[in-house]
Amino acid sequence: MSKHIRNFGTMRYEINGIRREFVGDIYHTLMRSSWGRLLLAAFGLYVTTALFFAVLLAFGQDNVSGAKDTLDLFWFSIQSLSTIGYGNMHPNTPWAHFIVLMESFLGMVQGALVTAVLFAKFSRPKARVAFAEQAVLLESQGEQYLQIRFANARGYPIVNGKITLSAIIAREEEHVGMNRRMIELPLLQTEIPFFGLSFTATHRLADGIFAGMTLEEMHKDLFLLVISFNGVDEILQQEVRAQHFYRPEYMLEHVRYKSMVEAHDWGAAMDLQNLSSIIAENKEEAVESIVQQMEGNT
Amino acid sequence: MSKHIRNFGTMRYEINGIRREFVGDIYHTLMRSSWGRLLLAAFGLYVTTALFFAVLLAFGQDNVSGAKDTLDLFWFSIQSLSTIGYGNMHPNTPWAHFIVLMESFLGMVQGALVTAVLFAKFSRPKARVAFAEQAVLLESQGEQYLQIRFANARGYPIVNGKITLSAIIAREEEHVGMNRRMIELPLLQTEIPFFGLSFTATHRLADGIFAGMTLEEMHKDLFLLVISFNGVDEILQQEVRAQHFYRPEYMLEHVRYKSMVEAHDWGAAMDLQNLSSIIAENKEEAVESIVQQMEGNT
Amino acid sequence: MSKHIRNFGTMRYEINGIRREFVGDIYHTLMRSSWGRLLLAAFGLYVTTALFFAVLLAFGQDNVSGAKDTLDLFWFSIQSLSTIGYGNMHPNTPWAHFIVLMESFLGMVQGALVTAVLFAKFSRPKARVAFAEQAVLLESQGEQYLQIRFANARGYPIVNGKITLSAIIAREEEHVGMNRRMIELPLLQTEIPFFGLSFTATHRLADGIFAGMTLEEMHKDLFLLVISFNGVDEILQQEVRAQHFYRPEYMLEHVRYKSMVEAHDWGAAMDLQNLSSIIAENKEEAVESIVQQMEGNT
Amino acid sequence: MSKHIRNFGTMRYEINGIRREFVGDIYHTLMRSSWGRLLLAAFGLYVTTALFFAVLLAFGQDNVSGAKDTLDLFWFSIQSLSTIGYGNMHPNTPWAHFIVLMESFLGMVQGALVTAVLFAKFSRPKARVAFAEQAVLLESQGEQYLQIRFANARGYPIVNGKITLSAIIAREEEHVGMNRRMIELPLLQTEIPFFGLSFTATHRLADGIFAGMTLEEMHKDLFLLVISFNGVDEILQQEVRAQHFYRPEYMLEHVRYKSMVEAHDWGAAMDLQNLSSIIAENKEEAVESIVQQMEGNT
């Protein structure tokens, strides 16, 4: 039983005992393989099919009038599978006619499946949502807030947006008996009816499991922060999704995001370069915090 | 009026009085039939169509120049339906030309519908979520919990996951006047923003209709436990679903699931073989419980 | 500005001032037109396109070698549009070659659009949910309940089901200034994780705007009851929906639904014939109520 | 790094630093380009492909028997790409046969992708929901209400409708550190199970951030009102969405919407012309308010 490795961002998963299910998985496999691979596979299928029928045509005497040699049988097979049918070569015997019948039908089915996969892969909606590199912890009026900023990196509106922020906690919770638990961190605002530019998800620490903790204390239990966004791309009229993970070392304190959007009466201007720009609330504390992140990076 | 039988897992349904609705049901019927059947049906349609037009071509004198006999009319029909058109045979009379017109149009429509069904069937998203064979009842700090564990058996992340657990109760509820009722069992956590490996759905008995009941008492009313999961496959960007049913005899007490995921700082390792592995909280009680399950199985 | 009539069940809508938007509406129009109409339109488009290019081919001297007369130009055009290309007729001049270039491209586009519409129409999921003809009002332990029963008339499971019941009230509500208002009637259970057979939606009158009203009083304001169901067909893995409207006169009192499902330990048996079967709680009252419905029907 | 401009209704967005992602964006780009552009692009691709293979066929001696000159190679390439294959020209050398193999395969792939885009664009559901030009602020029984009316401008029912109303506030909120914030304005009714004609979304000012404010005070902070509607078109069985933005100057006080729907016992009649018709509660105040709007318009 082979071991399967999956990598998500900075995480690595090892999975034992995955059962292969050919039919059940082929579509999934095709969808996750690269365009190059996909086209290669389609091409392989195309040539193999033609070859297969060419071989069948080699049985018996001149099945194909106009075919001078065996190679011509393959070219004829291609002409039939593609439904070009120039006609300088054409079926000459019932057997050849039957081959053509089968091959043209298979050509249709093959075309349908290739179209299906190319279509599904090509029209799969991709969100262009960019997340700030770091989550920030800041204090205001005695309250502590955890913030994560993200931006619409395509600039076309996403409507009916929803955000959720969760913490994956590695603490052993006796009564639930699982060694990792995902706990939602309530946000001040979870719905974004119209997401045009940027948004900063804000969690008041007092509302969640980190109530009154210091960054150090949070590090103990916290395995990963997960922020999920989904909404409807107005152009595609399809749902798009984006997700970002923050390792604890990517949480900075004593800093805040530098504003990246200027409101004007004619609308607003956004600079994506500033997405991850932060400014210190207090110099030396901030320095510390950045250093800490550097260590996190290495 | 025929009796229709449907089987879901361990359940069997008998339904009387289903009205056939050809157009309304044909797509549904095709979608639930096997690939073999589907392709056979498509092939049958293909050949029948060709045959039908071949028969029409048999009316009148040499409609098709190059056709030596009636069989050739069928081969010609195939060449036209598939749009190969070698040309050694070609329409010779207005009638034949008209047949070709109709046949090529029908070929297009047929191709579209075959593509539609093959596409829809092929690109139908399949979740690979595996559920533990048994639900477990355990006690912790004086509280009773019902747990069901399931795993992502494909290992590619499913996002925006949601779980619901319900009990189908066979008790006659006088004022509602129905003899079976589905009642939700609230879970400690119902949303899984990121489902990468495994999850254990946990219901505190005190929160639901089984508050303070023993397993024996639960057996009286309980007909079936239904756990439903749905989320979005990140690769397919399509919603996937999974469901599992537990007959009362598949609920064990005094046991807990053996951990199947190890957290590491580089990520985590999961062993799918252990999905249904349970460990006893207390020997002889557990034995009882397993025996009870054995009986359930027979 | 023409007046548009729309009919939904027993209701009729008259709408003034609908603006036609060709491009915006053509897809919608095609989707709601019958299969016959749709195919006729596709056929018309197909022939017209061929005709159009045949006319273009009539300009200049023998563009198409092998074409004996003008009619042949049309047949040649069909052979090119369908990509059959027998070859006994073939383009002979740059102009003819250019026509073929344009026609083959248009053929591809046309094929794509026809496939699109046929596909979308054919694969549009249809729920087979049957609703009881009448809603029933019954009393139990001093509480009044409004019930509506519906059944899965296909017998294949629908998961993640949701129900909502609303009342359209014709009362003039001064501060909202609208003459019709849709008010939700809370149900005892709104989620059906697994809808295999039948379900009876139950609203406790005390929970809604009809609290403590008699059927007569309800008739004053009530314009229509609307019950909506949506869920995911497990076979299609697509969302399906169903809706039913009840005019006040289709609400019966002093009756209850006759049970249509028998639970067995091997599963359950349902008889769709009994979907609308009702039994009286009390003879003469029930008779009254039925009579009342009869009047409603005429 | 170029500056990108996006316009939504009366708003203009300027975005810096958008990174181009060819593969990631091509589908999105195609979906938002006009039909004319899309077809032109497809046509360009079609001709270019044929040209490319024609050039390859120019290498070596008479690869294509029947081709009198180089131009014929292009026409032959078209006949192969379109799979017409008249046959008066046909491949004569292994190299030519190989070109045909490649070209027919590419033709299939190209057809699939063109179909994908045309299909996705053509079958993209479009809601026909019309919104009143102005939002109205009215008082009733001492309560203040903000109302926005919208109508189903196609007249075919939309089910499972949901509405959300939000205010984009430009106020600087210190602790959140963002200069624009979207705040939901709770509605008296947010669900429309059946949207057949018109609906007036109603927000009680007392329930939201504008509690007790005058129109003038609201103008200070308010940047934009956003109303979002989504539901399922019963004909298409697809989700449709609509959104409308109101600049503060499009909010009128002391007026109410003129009724546009008459209820009849046979159903109802709606006049779309009256969607934006308003009537004054009190003459001179209304006049003021209208004047104010006029200024807003200029």
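The chains carry the letters A, B, C and D, assigned in the order they are written, with residues numbered from 1 in each.
Basically, contacts are C-beta pairs under 8 Å (C-beta built on N, C-alpha and C of every residue); 3 or more make two chains touch, one makes a residue touch a chain.
Computed from a predicted model, the values in this text were never measured in an experiment.
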item	value
Interchain contact steps from chain A to chain D (minimum; 1 if touching)	1
Co-neighbours of chain B and chain A - touch as defined	C, D
Copy-to-copy rotation for chain B and chain C - C-alpha atoms, rounded to a multiple of 5°	90
Numbering shared by both copies at the chain D-chain C contact, with half separating same from different	different
Chain whose Cα centroid lies at the greatest distance from that of chain D	B
Contact-pair overlap exceeding half with A-D, pair selected from A-C, B-D or A-B	A-B
Chain C-chain D separation of Cα centroids, rounded to whole Å	24
Centre-to-centre distance between chain C and chain A (centres being mean Cα positions), rounded to whole Å	34
For chain D, residues contacting two or more additional chains	79, 83-87, 111, 115, 119
Of chain B, residues touching chain C in the complex	1, 4, 6, 8, 11-19, 21, 23-25, 27-28, 31-32, 65, 79-80, 83-87, 89-91, 94, 97, 100-101, 104-105, 107-109, 111-113, 115-117, 119-120, 124-125, 164, 166, 168, 170, 174-184, 223, 226, 228, 230, 239, 241, 243
Chain D to chain B touching residues, read off their complex	83, 85-87
Touching residues (chain side chain D, partner chain C) in the complex	35, 39, 42-43, 46-47, 50, 71, 75, 78-79, 81-88, 111, 114-115, 118-119, 122-123, 126, 128, 138, 140-141, 143, 145, 147, 153-157, 159-160, 188-189, 191-194, 196-197, 199-200, 202, 232-237, 256-257, 259, 261-263, 266-273
